[in-house]
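You will see two complexes here that share chain A, one where it goes with chain B and one where it goes with chain C.
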Partner chain A sequence: MTEHAPTADTVLPADDALNQLSARFGDALQRDTRPGYEGLIVDPDHLVAVATALRDDLGYDYLASATAVDYLGKGDHFEMVYHLCQTSGGPPLVLKAQTPRETATLPSLVGVWPGAEFQEREAWDLMGIRFEGHPDLRRILMWEGFAGHPLRKDWKEAYYEQDQKPFDSRWPGGHVRRAEELVPYGRNVRYPDGFSPEDYEEIAETPQARGLSSLGPGVEVEELATDRLVVNLGPQHPSTHGVFRMSIMLSGEEIVSLKPIMGYLHRNHEKIGERNTFIQNMPFTDRLDYICSLSNNLGYALAVEKLMALGARYQPPTYRAEVIRVLMAELTRIVNHIWAIGFLLNDLGAYFTPMMYVINERELILDFFEAVTGSRMMCNYMRFGGVAADLPERMRSEAQLLNDRVRDVNTMEYLRDLITERLPRAIDQIDTYLTTSEVVTNRCIGVGVLTREDAIATSAAGPVLRASGVPYDVRRADPYSIYPELEFDVACRTHGDVYDRYLIRLDELHQSLRILNQILPRLVDTEGEPIFAGRGGMYSPRVPAGEAYGRVENPKGELGFYVVSDGGQNPWRYHVRAPSFINLTPLERMCVGHKVADVVAILGSIDIVLGETDR
Partner chain B sequence: MSDFLRELHDPDIPVPEGIQSAVAVTRLDKLLSTVYNWGRHYSVWPMAFGLACCAIEMIAAASSRYDQARFGMEVLRPSPRQADLMIVSGTVTKKMVVPIVRLYNQMPEPKYVLAMGACASGGGPFKEGYNVVSGIDNFLPVDVYVPGCPPTPQALLHGFITLIKKLDSQNLGNRNSMPWYSRGPSDAVPIPVLGPDIIDPRQLHLIRRYAAQPEPADESAAVEAEA
Partner chain C sequence: MYGTGLWRGLRVTLKHFIDTYLEDIRYGFRRHVPVEAFPERQGLEARGTFTVQYPEEKLATPERFRFIPFLVVENYDHPERPGHDWCTSCGICAKVCPPQCIWIVRSDDPETGRPIPEPAEFYIDIDICMNCGFCAEFCPFDAIKMDHDYELASYDRTTAHIFDKQRLSKEFRYWQSIAPTRAAEEAAARGGWEHKDVLKQKQREAKDKGAAAE
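The block that comes next holds the complex of A and B.
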């Protein structure tokens, strides 16, 4: 079932690109020859030229992911890793540029792919790499004034104990030692030596730090009608779907410019992930996009399996495991999309009523998740090479709720009823009530338009990209699991407005049901087959040195896990390409020119989850 | 009714045998407290304020299946000025704790804080992270902790019931029990500052002692070496 293993007659994208570009760039462009690594290494001086050539001549128009790796003690350089894709499909091309740790400067690629904007800011914030030519290089997840760049390998957090888990201190001499006892302040804080609180002036909330200077000119009191006003939305605002914040410059009611401010839920996923062992990261991926925990699991499992496949004794997941994975991923997509539609209506002013309907359906799916995985939301279910448990024969409800459908039912019957009867009815109900509703059409059609070119350039993913007329779906473009043998269409709409982003979610709901209808007979056929390849190794997988980028089509867009292993028990680098984060790059383009009330609808139609945006 | 009377009745005060089922004699403050608490305990308005994963379960608890309207708590107020209860539903980051403290200060008294989930109670799975506060109780007084990651809606409802019990036990006759009726305004929680790390104004003396004169009095290094 490994789709990624190259066969003899396929040409790797890196070789192809090298063949075509080596004449022009000579030694500046080289094949990455480290064992387990792929792609091309480019000399920083030629980075922009190579990137432009890749985009214009070879069709790599889509920057999927850009992230930095700190090779401290392994060459002592930072490496910026770009995953480039063609929107016509195919596996990504990996482009790398290295810079010494002391200087840490690279040219910015925002001019080539505007989608690099936030990702380069993140690399500056967490890794301390300066990007020359970046239009607005500020910290993005931490605040201005924070000491240090926390993802550097030599940066230690306040509760630092050891580089790798499991820590020795967890049970020394049979006693618990709390992390607070390690720090004189009794808190999770550390200050630079010689820091004096009296002399400190806070810069985190200055206009510069909030990006207001890049909003454009401020209040110009020339005539009363043209005053410009800065409005702060969030982080505590019912319509930001969490703790998201925006600085909006208004001219009257009209938006002139808009800068997102994030990081209010930055919980250091990547730093913690690099201390964890490989399997310990699985429950953390649940908490990225906490509405779709199971498909996050799948993405991470795919990335690590890709790495494991470099080793000799790797066994791919069994067929039944793949069937169950797809079942879970598609049910998750339904959960997410009905939730997103409910929340969009909430944002449009229908308040909680549509949510009541969609949460009812969501609960039915969560009952199934709970019966299979043991948890409603944080399922922690996928494993490297399979899944944690088979579907139970019967579903029983422990908590006897008044309106509980699950008391003691056959799992397959429950699932069949859900997929063939209950969910199609619910989705049709949503369609009937909402699609032609005057409120929805008036507030959505023509609002927040994202053109096809802008969507590709700003690395928008998932429904946002497809609503703008780009039929790009990782399940088809770079297939994984058993999607190649399943029949479904890539939903695509052409207007790129809020209404199309709403419609595309309905389309995808129908496609998910179509997939699930094909999964049901496969579940019956594979009944009793093993759900896990091989024996053992489940909790301490043997991961050879190398890098891998696992990507799945999450409900919110392309979710990628970039994992670098040095052959040890924990990942050397663990990066999440979060669709919610990168989909915010085009937010300003969508909002400018609209009224301030439309921001809420536009943000709702992007469908972000802050756990994933801020990680 | 008789259960209610029996609870209200002060056992130290004798009542003639024949009218015991219809009469309760009690102290004035207890009577007033009971009526006062009864009046407010089914109308606690939580703030519509979601931080992370737990917020999703909080929304689920408000939906028809779990129906927190049964406790009079379905009125989620987006403004802190109209809210009685702050449900800290998720990981508190250093960047977010500043607005949280500010929101808490803006809530009118009496106000309650419910720490929902492992993160809000003590840092949870993300405790070791450099941007994570090890529990909101480092900054705000917490009334109810709800364990879980995330807690199920049932667990949250149990947290509400626990809060109602606490609310019922508050006594008008006792200043410490209802500090918002004491003379003068209550003290606001000092708002933390985003410096090189989060600075809690209440810890300034510690920061002055340990950070301003680092070596050789660096206790963290000493503790680490010991371990």
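The block that comes next holds the complex of A and C.
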């Protein structure tokens, strides 16, 4: 059960931090007293000092998430929200800094937590907050020719219809029209003042061409007098797992700097999310990391349930609902990790053979997902306070056509055979096939090393963090659902290279099977119990005003949803802490000194999905 | 010794390679394996070839499978209300739809101006529909359901992809055929196979009759 109400014997991280720091900072550090809000508000002038103190003296060494909120009409300020964690575990501390909308300037925290680099760039790009002292404050998801900062509440897009869904034009007088008929082609693009797309030179976008060094200001490197070559990799390249692009500067064959360029799949998920009602966001979360839609659902459901728990009439999910949620989340982890391993081998040049072997196993899990949720990948299965439907008794398909091939098996038997026989066999097969293969070891061992300190500092998460020797897993560090009662180990490896990131996925596959084996008897025991407490499944749940950060250990790392509600039908702010996005922050550190071919392997070992990176 | 790991791995490849021919050997190198072989090919015991030869063979979809929604209407041979809409145009599906792809025109009584419970027009823009299934999940009348017909490719999206009421309507019988278990569950929840309003009407009539008899 998720229980978020503070009890007498636990000290909230914010109180603890305030007690320790108030003597040093006095009025500059204050408790956030708005109802439904938590954490500390710090005066922008003291932000860097407070952050440094939190990191060095209180052990908040890990910046989980940094994002901005536009409180237009509710105080007319921007608020930067930082979620800080200790890698030894515990709930996050929420730190906030406010700045008026007119000036919109805050000091950058990249010097304290380098993991803020991309997240502050994102806040600048989408919200227009200028970060003083940021080494490379450029747009990150949009291009330079984009006018405005789209997450500001007063920014309207080309097909703008209405601030909030449901749109009035749909019912009761819903005469259909296609949105593009209203905005003829070519007339819906705006450029910033003084920007001319004809004169725009793409090369100016290449960071190295603008003289940006990877090592930051003040670092001098003794160099041979060689010519440097800028190589562009992607976005249309199979090794980038989608439309990801890297601008690489080479000295000879060696990489001296690498800048990721992303946003080719950007659709402003967060703006769409603020326009949607709470429940309407659920199917959109499927489309973030489309390999792991069920655990995305879980993260979002947890965030909104935290908000709903602030209200009086909230009933937490039933035990069966929690069991099914964990079942789905762990099956998703298996799907993701075998996929990641298959793709890593693809990147190493094994082409599709290992990939096809693991996809067989994935298919069997997706068949189960399809029978339960109705879709193989876009599952849309979790609801606030439960799940959409109980497991069906039989996984049965209905023939409509002569050539339809029909399946009819008992769901629990299928699940048991899958978890106890088929998947362990398949995972052992992957192990035999790849782990000792010289093709894998030669290409992976010692490549793309990320040290423990760098991994923490750059906010790496999930397998990337744990392969660098940090046993940090949200399922244990800040437990949710029924994970506290389940036995499993947090996989951890120490070398931080590509090979360890491969091994850690194998370890986690075994741990997931261990969890699933504990889930099976629980599923049998709870058979027939309700999947909703009270009358669940409402399409317009009452969500009280406040803020909540729901975090889950997604297969790719910590997935967080920061949701602010003003008490209405729609979230006021909806932010996704995307592991695929933030895990790219240390990419350059891993790649410098290696060859271009290694970049492909390193990127494969981070395991990104562009649907989540670009959002 | 250098290379042993590679050879051990390649044994797995060899095993898979041989496995792909087992089925062929068993069924005499026929182009399509017989229907009986399907559970083996796609089940938990599957080895070797795993694929289905679409479009000659197709995987039947499970009951909960969801694709573009359709509107349930009474069977066309229904004795009292053939082809009558189950939809009452309450608008819940249009309100809950995440991409807002449903347009409904409610019909009003021309004399009194009060709404009558059936839609005058009903549109779904299938280009926008994201197949989430919320409309079917939250419909209080079981009047909109997710379809199993996924072969909707067309040559012209500008004209062919807005489905009107006629294109969306399918008989109740069809829903029973694609999802028998769920149709039965829903009927049990409603208290009969008929539409909720019809059942209510019948209950009311029975009550009146009982009262008159007394």
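Throughout what follows, the second predicted complex is superposed on the first by the 555 of 615 C-alpha atoms of A that agree within 3 Å, B and C clash if a C-alpha of one lies under 4 Å from a C-alpha of the other, contacts with A are read in each partner's own complex, and residues count from 1 in each chain.
What we mean here is this: a residue touches a chain if its C-beta (ideal position, glycine included) is under 8 Å from a C-beta of that chain, and two chains touch if they have at least 3 such contacts.
In this text the structure is predicted, and so the values were computed from the model without any measurement.
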Inset, instruction - Pick one for A:H266: touches chain B only (first), chain C only (second), both, or neither. - result: first
Legend entry - First, second, both or neither for A:V409, with chain B first and chain C second: second
Legend entry - Partner chain in contact with A:N360 - chain B first, chain C second, else both or neither: both
Inset, instruction - Please indicate which partner A:R24 is in contact with in the superposed arrangement: first for chain B, second for chain C, both, or neither. - result: neither
Inset, instruction - Return first, second, both or neither, reflecting whether A:F284 touches chain B, chain C, both chains, or no partner chain. - result: both
Inset, instruction - For A:E438, select first, second, both or neither according to whether it touches chain B, chain C, the two together, or no partner. - result: second
Inset, instruction - Would you check which partner chain A:G374 touches, where first means chain B only, second means chain C only, and both and neither mean what they say? - result: second
Inset, instruction - Using the superposition described at the top, list the residues of chain A that contact chain B and also contact chain C. - result: 169, 172, 283-284, 360, 363, 378, 399, 401, 403
Legend entry - Parts of chain A lying in touch with chain C, wherever the complex brings them together: 165-167, 169-176, 178, 276-277, 279-284, 353, 357, 360, 363-364, 367, 370-375, 378, 380, 388-389, 392, 395-401, 403-407, 409, 414, 417-418, 421-422, 429, 432-439, 441, 537, 539
Legend entry - Complex interface listing, chain C residues touching chain A: 2-6, 8-9, 11-13, 16, 35, 38-39, 42-44, 46, 50, 52, 55-66, 89, 91-92, 94-98, 100, 102-106, 115, 121, 123, 125, 130-134, 137-138, 146, 148-149, 158, 162, 177-181
Legend entry - Partner chain A, residues of chain B touching it in the complex: 48-53, 55-57, 59-60, 62-66, 78, 80, 90-91, 93-96, 99, 103, 119, 123, 125-134, 138, 149-150, 152, 154, 193-200, 203-204, 206-212, 214-215, 219-220, 223-224, 227
Inset, instruction - Could you pull out which chain A residues touch chain B in their complex? - result: 141-143, 145-147, 150, 157-159, 169, 172, 177, 179-185, 187-198, 200, 202, 204-205, 235-238, 242-243, 263-269, 271-272, 275, 283-284, 287, 290-291, 352, 355-356, 359-360, 362-363, 376-378, 399, 401, 403, 610-611
